[in-house]
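Next, two complexes with chain A in common: one pairs it with chain B, the other with chain C.
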Partner chain A sequence: MAPLNSWEVIEPANYFKSFVDQSSRPDGRDWNTARPISVRVGSIGTAEGSATVRLGNTTIVCGVKAELCRPSLEHPTRGFVVPNVELYPCCSSTFKAGPPGEKAISTSQFLQRLLQNNEIIDYEQLCVVPNKWAWCLYCDILCLDYDGNLIDSSLLSLVAALLHLSLPTVNIDPDTEALSLSQKHTQKLTIKERPMSTTFAVYNSDIQLLDPSAADEAECGGEVSVVLMESGDVCSIRKTGGRQVSSGKVQGFISTAQSRLSGIHETLKEALELHASANRKEP
Partner chain B sequence: MNYRDSRRNCGPETATPIYVLKSPFNEKEEFLLNDGKRSDDRAPLEVRKMYFGVSNISQAKGSSYVELGSTKVVCGVYGPKEMAPSSIFKSTGQVLCEVKVAPFSSYVRRSPVPDRQVKELSMQVKDALEAAIILEEYPKAQIDVFLTVVEDSGGVLAACVTAASLALCDADIRMYDIVVAASVAWYNDRIYLDPSIEEEECIARAGERLATSKSSASSTEDELEGSNGSVTVALMPLYANGQVATMVMSGSVTAAKLQDGLDAALETCRKVYAIAKQVLIQRVSEAKLPEKLED
Partner chain C sequence: MSIEQSVQLNFLSRADGSAYYCLGNTSVVASVTGPTSGRVSARHHNKCNLEVQFCPCNGQPTIEERDVECIIGECIEEILASHLHPRATILLNIQELQSEHEHQLLTASLNGAVMALMDAGVQMQGLLAAVTCCYTHAGVVIVEPTALELQESKSSLVFVLESDTANVVACYQQGRLSVAEYTAVLNRAIEAAKEVFQFYRSEMLKRYSSHGCIDGQNEADYDYDPL
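And then the complex of A and B:
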């Protein structure tokens, strides 16, 4: 519990401005420093794939549950991946109890569009028998502690959970057409690309803050998210909110995002290797 | 999902969970293996490893994290804050308790929309907390307790109650005592402490068999002799020599066995209480002193 700072409560805009005027932010970082990232996979035993991501205080858990279903008529050889972001009131006082609000819905839509429009997942691999059986992966992304930057953390947790995911192999009896599943889950998903995002909160058209915390987001009006593939190619850029950004800044966002890429991918690889080696030790 | 939820991304209309085609549990009917241990290598009167942490949510006034074996519960407490203006005047405070169960927390995916079980769980936790919080000190105020079940491996009600109490203590809410909870199961006349999800399912299946055998008026009771059931007890050990805040029991248990099981549950509660107290004391001693306010 933080001690009460009266100025912060009475005049939040001026309090925040006093930090920005010194090229800083209330949590002590400068405008272009991101918080430390930590990733752990395999935290949830009941899910087929899971990952926990921490960006500073923001804690996101992604759990993937697999179910078998019939492929749709338009795409008889493709499976489904259904991402959903849940922001419970547990994680912050800004979210109310009840059905998902705007922030959760817009983040879920962003993730779904990203997965559908880009060569990230091999949907044909998810189809077991064309027209009959396909995998449907429900990816539920839960926020346990919301301290800003939902986009980066939820995308990272989604990618990590899909990389961790392992499915049982499906055997179909040719005579009865009955399904049987293997006891062990050994089939891994082919993830062709690993998108990573970098988010900036827009304070005004000249000042944007990398990796905003909740306090930063409260004073800023909108955010810019740059999603890059592992090679550095731009996958998606999204700007939301009412404040403007100078057009010359866009290249700067992409460069900053590119410079962060190797660090994030390194963290992700370490987490996956740690989990794999821990599994190998167990008989 | 049976209906299209317009606020969430929905998958295909019908999907079969993996665990309909193969069960995650060995569908055996014995709790004890040959060496006298349970399937997760515990003795009948041994509880699972517990971990308690507090102040894990930076945004909440008070928060806690409880692990009972693999069951993981996070709790955030907000308040006391002003009650909604439309409510009638109450001279005591109100507790709003809501449990959210993550869709991936059980072997078969749960719908994100809270179902009746989850709503009942919320009510049970609320009852336990209303007995413990000194609501007279918070007139016209509302205390929000939000719980998130991240993984459900048995003993969820017990974990939720304990997590809620720890979070309330972390939030400096005045309480009569810390409420801790523990669960106990009876199976074939033996008592087992802290049943895991496998064991809870086994008891549920035994209960169903009993119900169907009685309704079909057959008298093959050889398999189902004895007590089968489970109970979760929430206790305030030090307040007025021990007060039970809430007790939820299901199954059919003989009166003698019931008393033995309750005693075991209360004893476990006292042990959990000692750990919870330890965690809170450590938290207080680690917390920095508040900075002096400048005039």
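And then the complex of A and C:
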């Protein structure tokens, strides 16, 4: 009989099925266990806001850089937030160098729409002078190690980085209209409510795996992500094609996501407090 | 019928299948060529390769159009019997002519694509219906809303449902809802999808029926309840 790791390479679908038949997965978790989450904010000193999130082996770093720009004509009192997800070749052999692939594009678009249309960020706060100056926050979400579940980790890192963000105060000389930025960054961005997501990989219409690793995603067809606000309201349920899921299952996804909410919020709060107390110690 | 839709099939001479599909004020042209030989690099040994190209009515395709292509591609791949055409490619091209809003554009593109695939005679394991819904502040669910209704609603959602089982193939949402509200919209979408499947059915009957015209008399012979 061939050793186990040859079987994984020659017949990956059957290898995976043998685990699923026993309500398990190759990494040893059952279908409804998520990997431990660790969040650290302030990892990049040169960025206005930054955070690093690890979900098991998946490592995502989010850096937020702020630039002043002119607001658009349609919304003269609003600033901009531009999330951009990059999957570097170092994170996995499935991603090549060059223009962003489907996964990166699709995740970037998802984050952009989420931020644009829900009451998460107060865009009016980002405006400095209506019609003239507004902050544009470029959020670069970089994947350094890809082991599945890009959606949950990138959303969490984006939210953490925006919470950590502090902008300089802008002073405008009334006579010359010259701008000057304060040295100390003290202005915080108001995040009205924090969205949290929970992702399931769809193995078939009855079996969905919570918090999939890269091996799980390779054998499943598509993912379902449930994004909830802190209050438990459904912010977004996203499924972009792939294997079907019966409509009755949606309730189950929402309940599982709700049960994970408080744990993730706690982790995020602890990371922010840890960073704040470390800063207070330094003069 | 609460959804206004109309279609003209097989009107492009160079494509294997084509559909000029109108949904409310949105219209798209979907054309299918294939299964045919494609790029050598894109061949799979055990299944067909689906290439989707989505062209907006104004300007060059941007990153948003690529996102739409990904969604349409993944939904269609779910229903295509791709194992029947290994190493072949199916080219699906969707041209936007006019759109009420971006959600209805996605819905119309998917429905148009499914009709074009049926017209081309590509083997499929099921059919898809895409439905846009919005939930107003007053608690009313509107199916296929206009741009104004969408702007004034609390939340807008797109569902893509499969014909035999009413399983959800894709879903997308903007704006927050409570769990009960979400379930209400999902149930309404499932009902609305039945209308879309009925429309596919009647259009295909019109196209292939030797009697010529279906006016309710012949339709009684066909008792179809997809869900």
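Note that the second predicted complex is superposed on the first by the 278 of 283 C-alpha atoms of A that agree within 3 Å, B and C clash if a C-alpha of one lies under 4 Å from a C-alpha of the other, contacts with A are read in each partner's own complex, and residues count from 1 in each chain.
Going forward, a contact is a pair of C-beta atoms (placed from the backbone, for glycine too) under 8 Å apart; a residue touches a chain by one contact, two chains touch by 3 or more.
Since the model is a prediction, treat every value here as computed from it, not as a measurement.
Trainee: After the overlay on chain A, what do you see for chain B versus chain C, clash or fit?
Mentor: Fit: chain B and chain C sit side by side once superposed on chain A.
Trainee: Check whether A:Thr190 is in contact with chain B, with chain C, with both or with neither, and answer first, second, both or neither.
Mentor: Neither chain B nor chain C is touched by A:Thr190.
Trainee: Would you sort A:Ser259 into first (chain B), second (chain C), both or neither based on which partner it touches?
Mentor: A:Ser259: touches no partner chain.
Trainee: On the A-aligned overlay, A:Gly242 touches which partner chain: chain B = first, chain C = second, or both, or neither?
Mentor: It touches chain C, and chain B stays clear.
Trainee: Based on the superposed arrangement, let me know which partner A:Asn131 touches: chain B (first), chain C (second), both, or neither?
Mentor: Neither: A:Asn131 stays clear of chain B and chain C.
Trainee: Quick check on the superposed pair: does A:Ser18 touch chain B, chain C, both, or neither? Answer first, second, both or neither.
Mentor: A:Ser18 contacts neither chain B nor chain C.
Trainee: Mind working out whether A:Val250 is in touch with chain B, chain C, both or neither, as first, second, both or neither?
Mentor: In the superposition, A:Val250 touches chain C alone.
Trainee: Mind computing the angle chain B to chain A to chain C from the CA centres, in steps of 10 degrees?
Mentor: 120
Trainee: Output check: A:Thr33 vs chain B and chain C. Expected answer is one of first, second, both, neither. What do you get?
Mentor: Once the two structures are laid over each other on A, A:Thr33 reaches no partner at all.
Trainee: Figure out whether A:Ser108 sits in contact with chain B (first) or chain C (second), or with both, or with neither.
Mentor: Both chain B and chain C are touched by A:Ser108.
Trainee: Mind telling me which of the two, chain B or chain C, contacts the most residues of chain A?
Mentor: B
Trainee: Look at the superposition and give the distance in whole angstrom between the closest pair of CA atoms, one from chain B and one from chain C.
Mentor: Superposition on chain A places chain B and chain C at a least C-alpha distance of 5 Å.
Trainee: Can you list the residues of chain A that touch chain B in one structure and chain C in the other?
Mentor: Of chain A, residues 105, 108-109 contact chain B in one complex and chain C in the other.
Trainee: Residue numbers of chain A touching chain C in their complex, please.
Mentor: Touch list, chain A to chain C: 102, 105-106, 108-109, 113, 117-119, 205, 221-222, 229, 232-247, 250-251, 254.
Trainee: Per the contact definition, I'd like the list of chain A residues that touch chain B in the complex.
Mentor: 1, 3, 6, 44-48, 50, 57, 61, 63-70, 72, 80, 82-84, 86, 88-93, 97, 99-100, 105, 108-109, 112, 136, 138, 140, 142, 144-147, 168, 179-181, 183, 214
Trainee: Enumerate the contact residues on chain C facing chain A in the complex.
Mentor: Residues in contact with chain A: 63-64, 66-67, 70-78, 160-162, 165-179, 182-183, 186, 190.
Trainee: Considering the complex alone, what residue numbers of chain B touch chain A?
Mentor: Residues 7-12, 14-18, 21-22, 55-62, 70, 72, 74-76, 78, 98, 100, 102-107, 109, 112, 144, 146-148, 150-153, 170-171, 290-291, 293.
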